[in-house]
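Chains: A, B, C, D and E, in written order; residue numbering restarts at 1 for each.
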C-alpha cells in the first residue's frame, strides 16, 4: 500500500499558491447554491492542483454533492470557477467536460442498455469517435478506429479493476462495487484532467476498497487533479492531501487530514466520538 | 462462420450478391406489373420507415410527425415537376432540402420536449401540415396534385413498374447503408446515450439537445426520398400522405421486427405490403388480422420478431451445448 | 355579447365531453405511466354496447349505461391481463403499439358485429333542452358536465389524499420497489386499467347520444384525449379537467370568431407553442 | 428463543451463473446477524431471495420459513405484509413522492412488530423532519438512506433486512443508526444486516457470517469473529496495511 | 337464361373499387350491390352479345393508397372496366394506374370537378357534379323560397368549398350571403356554427355536408333542436335514406334535390328501374337508394355502350358514351356531355319527420352540365 506524504500546513492554507507538484487546476471562489428558499451551499472556496487530491467531507445533506453540481454548472449557482487559470463561469456542463472537468454521480450512472465494454468505449467516443461523414465515406477507417477504441476500453476497464469476464455483461448485472468503478470509468474516459468523484467508496469493501484507493492514487500520480467526496474515513484520511469539511452548506474546516481529524467542530458535526 | 462474416471482403461480396438477387427476384417470381409494384412499394415504404427507425430506435422518441417529411418530399417533388417542369433529380435535391428545413424548425421547437410531449408536439405538426395542404390552393386542397409525369433519370425511363423497381432498390440500399453507418458514427452512439442517460452524456461532454435536434434533422431526408419516389410511383400526391395510414405503417415497420434491427423495417414492410397487396380480406378483417399479429408478436416477445428468433436460436444452441456423446478416437 | 355568451355555453358543453373522455387516460398516464391508444375504441364500444342494450335487450337508457361501463371494464381487465409483462417493464413504445393493435381488433370486430351503419342512442335526456340566449344545452350535456366534474373530483381526491392513491403513484414510479411496501403492482395496474376503460365507456355512453355513432369512431377521440392529457400536464389530474374545458372553450370561440373548420389545427398550433414554452404543460405543481 | 426466519438450502442462479450456493442461515428473535463478504460475493442476492424480491429474474430454490410458516412461495409483497422488511441496496424510496408521503403510504402493518409512527421516525432521523415535504429524489444520498430505513420500520416488521445501510451515511450517523437498530432488537426484532463496514457491524452484531463466492465460509459470534483471521485480513485491517 | 352454347365466349369483367369497411363501408356496399343487381339482370338476359359479366370487387378502405393497390390488382385480374369510387381522392389516385393500363374508369359516385378533364382522357362521371348541385340549390333557394339573406355551412374541403362557390355564383345579385361557416368532414357538433348562423339572421340556410353517416344527420338533429325559424336546404345529394333514418324524429324539416327515389314517380314507372328495384330487393332485402341506383346505372350504360361499340375496348366504349343518349335506363332517358358527364333530371323534395315528399323537377340548362 502506498503511503502518502502529508501536505505541509502552508501548502494547505496558501489558497492562491501553487503546490509543488503542479499548476492550480481548479479554483472555486465563493460558490453558493440555493434550491428555492433553501440554501444548500454557502460561499464555497477552494482550489485543487494537478497531482493533488482534495477531500470533501461533511454530514448528510451538507451540500457536498451540490457543490459538484454547482462547479460543473448543472445547477443554478453564484460565485466563480476557474479552470487552469481560465474563468469558466459561463461554460456549459458539456463544455466543461470537453475542457477536462468531469464528475461522477453519487448514484451509479452508466448506460444501462450497453454492455460494460461498450460503456467504456462510449467514454472514448467524444475524442475518438468517427463523424457521420467519415463513418459513411470511409467505413474501413471507422472500423479500425473502433477496434482501437475497443482495445483501449478493455485496457482501461482492466486497469480500473473490472476483469474481462464482466465485459460482456450489462452494468445492472454487475455486483454493486464494480458498478461504482464502472461509473468512474465512464466519466473518466479520456482527456479528463480534473475529476470530481462523488462517494466512490459507497458500498465498496475489503479488498476492493484497497484497489479503489490505489486507483485514485495512481490517477493523482499521473498528474490528475482530484476532488473526492467520501464518507469512508479510512479512505479519505489515507489518500487525501487536504480536506475540506462542510456542514449545512458552510465550510467549517479546511486543512491537512491530521488537523481536520482533530478539529473539535468536525468531531462534533461529523465524525462523532468514535474516531 | 462468425469470422467469415466479419471478413470485409466476404461481406462486400455477399452484399453485392444480395443486391443482384434482389434485382432479379421479381422476375424469378414470375414478373408482371403487380410483382414489380409490390417490390417497389416495399422499397419505398421501407425507406420511409427508416427515417422513423432512427428516431425511435436510436433517439428513443416516438415521433408522430414523421409523415410530414414524407409528405414534404412528395409535395415538393410534385409541385416542382408538375408546375415548373423541373428535372426529377433536381426535384429530389429540393425535396430533401425542404424536408430538412422543416426538420430544423421542428427540431428547434421540440428541443426541450421529451416522451409524450415530444410525441404530441410532433403529431401537432402533422395536423397542422394536414390543415395547410388541404386548404392552400397551391397544394391542390383536399384533391391533391395530379398529373405527375413519369420518372426519367437522364436517359433512363423509369415509367414502367419494371423499370421503376431498380431505382427504388438502389435507393433502399443506399438508405440502409446510411443507417448502418449512422449507427457506427459518433452521432449515432451519442443519440443512444442521450436516450439512456442524458445527465451522464452531458457530463461526458456532449450537448444533448443539439444531438437530438441533429438526429431529428437527419431523419428527414430518408422519408423525403421515399416521398419523392412515391410521387412518381403513384402519380398522385394528396393529403392522405399525412394520414394515420402511413404513420401506422412506419411505426409498425419499426417496432414489429424489434428495434434497432438494421433490416427490420425492410422485412416488416415486406410483410405488411405483401399482406395488403396479395392477402387482403377487406378492411375490417384486415384490421383484425394486422392487429392480431401485432398484438401476438409484441405480447409474446420483448423485442418483436427478433425476440422470437433469438428465442428459437438460443433454444437450438442449448440443445447443441448439451454434452455430445464422446467421439471415437480417430487414428491418424 | 349574447353571441359570446352563447358560444361560451357551447364551449362548456363541448369541453365537458373532452374532459370526460380524457379522465381515464389522465389517470392511466399520470398515475400509472401507462398509455392506451385504444381508448377511443373503448369509447366507441361503450357507445355501441349502450345502443345494443337498448335496441336488442330493450333496456332503458339509464340501465344500458352501467351495462356498457361494466362490459368495457371487463375488456380493460382482459387487456391489462394480456399486457401485464409489458406494463411491469414499462415498455411504453411497445405498449403504444399493442394498444393500437387492440384498437384495430376492436374496430374490425365491432364493424363485423354491429355493421358500419350509423346508430343513434335514444337517450331521453337528449330531448330535454334548456334554451339560453342563441343556443341551447341538453339535459344530456348537463349530465356530462356533472359526470365530468364528479369523476375528476373523486379521482383527484383518491389519488392525492388517500393511501390508495399514493400506492397507485408509487407503483407508477417503481413497481418493483412497491412490492417492498407491501403493494401488489399487478392489482394496482389492473384497477387503474379497469377504471380507465370503464370511464371511456361511460364517456361513450353519455356522449354517444349527441350524434349518430359509428364503429369507425375512435382515432379522433384518442388524439383529443392525448391532447387534453398532455396539455393538462402529465401527472396532474386537475390539469386534465382544466385542459378539457379549456379546449372546448377554445374550439367554440375560435369557431365563432375565426372558423370552426380550423379549430382543431389551431388548438394544436396553440398546444405547440404552449408546450415549447412550458414542456410540462399546464401543470403547476413543481 | 424462537427462530424468526430460517432460510434453508438457498440456491440462486442468474441464467447459467450461480450467485448463491446452497446457503442456510437463520435469525432468532432479538438477534442481529451480520453478513459480510467481498463485492459480488452474493450477499444481496441472498437477502433478496429471503425477501422474495428482485429487480432481475433470478431462479431461486430453497425454503424460507418465517415465524413457523413456509413463505417460499409467497411473492415479495405478501412477505412484506407478514413482516419481512427489506431495505434494498439502492432506490429504496419513491423519488417522486415527498418524504412524508413515502412514510405515510406504508400500511403493511402486522400485529406483532413494534409500531412506529411517523413522528418516531422523525425522532430517529431529525434531518428527515426538516425535509419532510421535499421530494425524495432530491434528497441527499444519506437522507435518502434514512428515509428507506424509516420506511422499513414503519411496516412494523418482525424481520428487518438492511442491505448495506451504512452506504452514503456519515460515519457518525452510521454508528447512531446501528445503535438504534440494536436497540430495536431488544424488543424482539430480528435483524439481518449486510454490511461491508465490518468494524461497525461487529459493534452491534450478535453473530457474523462471511460469504465468499456464494458460499458461507465462516460463521461465529461477534467476539469469535473479531479474533478470526479471515475477518481480520479481509475487513478489519482497513486500508492501513496490517 | 341461355341454352347450351358450344363454346361460351370469355366473360367480361367489371372491377369495382369501393369502400367496404369503415364509415363509408355501408355506402360502398350499396354501390356494389347495385352493380351486382344490374349485372345479374344482364346475365340472365344472355349477357352482352353472349358474353357473361363477372364482378370483381375490392375494398379501398377510403384510403388512396389502398385504392391504388386495388386498382393494380384489378388490372392484373384483367378487368375491362373499373367502376365505383366513393370519395374523390381515391378516384383521383387510381386514375393514373388505370390510364397507364388502358382500362376504362366509370366514376359512379364521386362528384369532384377534377375527375373529368384531368389525368384520365376517357373519364366518365355518373353523379351530378358540384356545378349542378350549386345551380339546383341556388335556383330553389332564390326562386321557390324567395330568400334574400342566405347563410351557408360548408364542409371544409374540395367538395364543400366548391359547392358553396357554385351556389354563390348562381344566386341572383340581389341575394346576400350573410354568413359562411366552415366545418370539418368529421365534425358532429355544429352548435357553434349554428349559433353563428342564427346570429346572422338569414332567411334560408344552405349546407354542404357529405358526411352521410354522422355529420349530416347530426346537423339535421341539431338544427331541429335549435328551432330555427328559416327554411333549410341541404346540398344536392347529401340527404339519403341513411341520413333520414339516422337523423330520426325531431330533426329539422329539410329540403334538397336529388336524382333518384325508386318508388316515386316518375322513376316508379321506368321499366328498367322496375326490374332493377325488384332484383335489388330480392338480392339485398331493401330498396335501392340513389347510390345503388347509380351503381346499377353505371353497369346499364356501360353494357349498352359495349353492345353499341361492339367492343369492350377503352376508347371505343368511351366514344360510345361521350355525347350519346341512352333512352332506356334505370334513371330514364339520360345523355352524356362531350366531357363524359351524365345528364339526368333533378327533383326537389322535402323531408319532414322521416317522410319524403317529392316536389317539382328543377330544369337544368345544358351549359350548366357542361361546366
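Note that in this section a contact is a pair of C-beta atoms (placed from the backbone, for glycine too) under 8 Å apart; a residue touches a chain by one contact, two chains touch by 3 or more.
By chain, with names taken from UniProt: A = ATP-binding cassette domain-containing protein; B, C = Branched-chain amino acid ABC transporter permease; D = ABC transporter ATP-binding protein.
Just so we're clear, the structure is a prediction, and the values are computed from it rather than from any experiment.
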item: Length of the shortest touching-chain route, chain A through to chain C; value: 2
item: Co-neighbours of chain E and chain A - touch as defined; value: B
item: Distance between the centres, which are taken as Cα means, of chain E and chain D, whole angstrom; value: 77
item: Where chain B and chain C are represented by their mean Cα positions, the distance between them in whole Å; value: 33
item: Whole-Å separation of chain centres (CA-atom averages), chain A against chain D; value: 29
item: Gap in Å, rounded to a whole number, between the CA centres of chain D and chain C; value: 44
item: Where chain B touches two or more other chains, by residue; value: 135, 283-284, 286-287
item: Shared interface positions of chain E, touching two or more other chains; value: 21-22, 25, 156
item: For chain C, residues that touch 2 or more chains besides their own; value: 108, 111, 262, 264
item: Every chain pair in contact, whichever chains are involved; value: A-B, A-D, B-C, B-E, C-D, C-E
item: Chain D residues touching chain A - in the complex, by the definition given at the top; value: 14, 36, 38-41, 44, 55-56, 89-90, 127, 131, 138-143, 145-146, 164, 167-176, 196-198, 234-235, 238-241
item: Contact set on chain E toward chain B in their complex; value: 19-22, 25, 58-59, 61, 63-66, 68-69, 72-73, 75-76, 88-89, 92-93, 95-97, 100-101, 112, 114, 118-119, 156-159, 161
item: List of chain D residues in touch with chain C within their complex; value: 51, 53-55, 75-77, 80-81, 85-86, 88, 91-97, 101, 104-108, 135, 151-152, 155
item: Contacting residues of chain C [partner chain E, same complex]; value: 2-3, 6-7, 10-11, 13-14, 108, 111, 115-120, 127, 129, 131, 134-136, 138, 210-214, 216, 220, 251-252, 255-256, 259-262, 264
item: Residues of chain A that touch chain D when the two form their complex; value: 1, 35, 58-62, 64-65, 106-108, 172-178, 199, 202-210, 213, 231, 233-235, 238, 270-272, 274-275
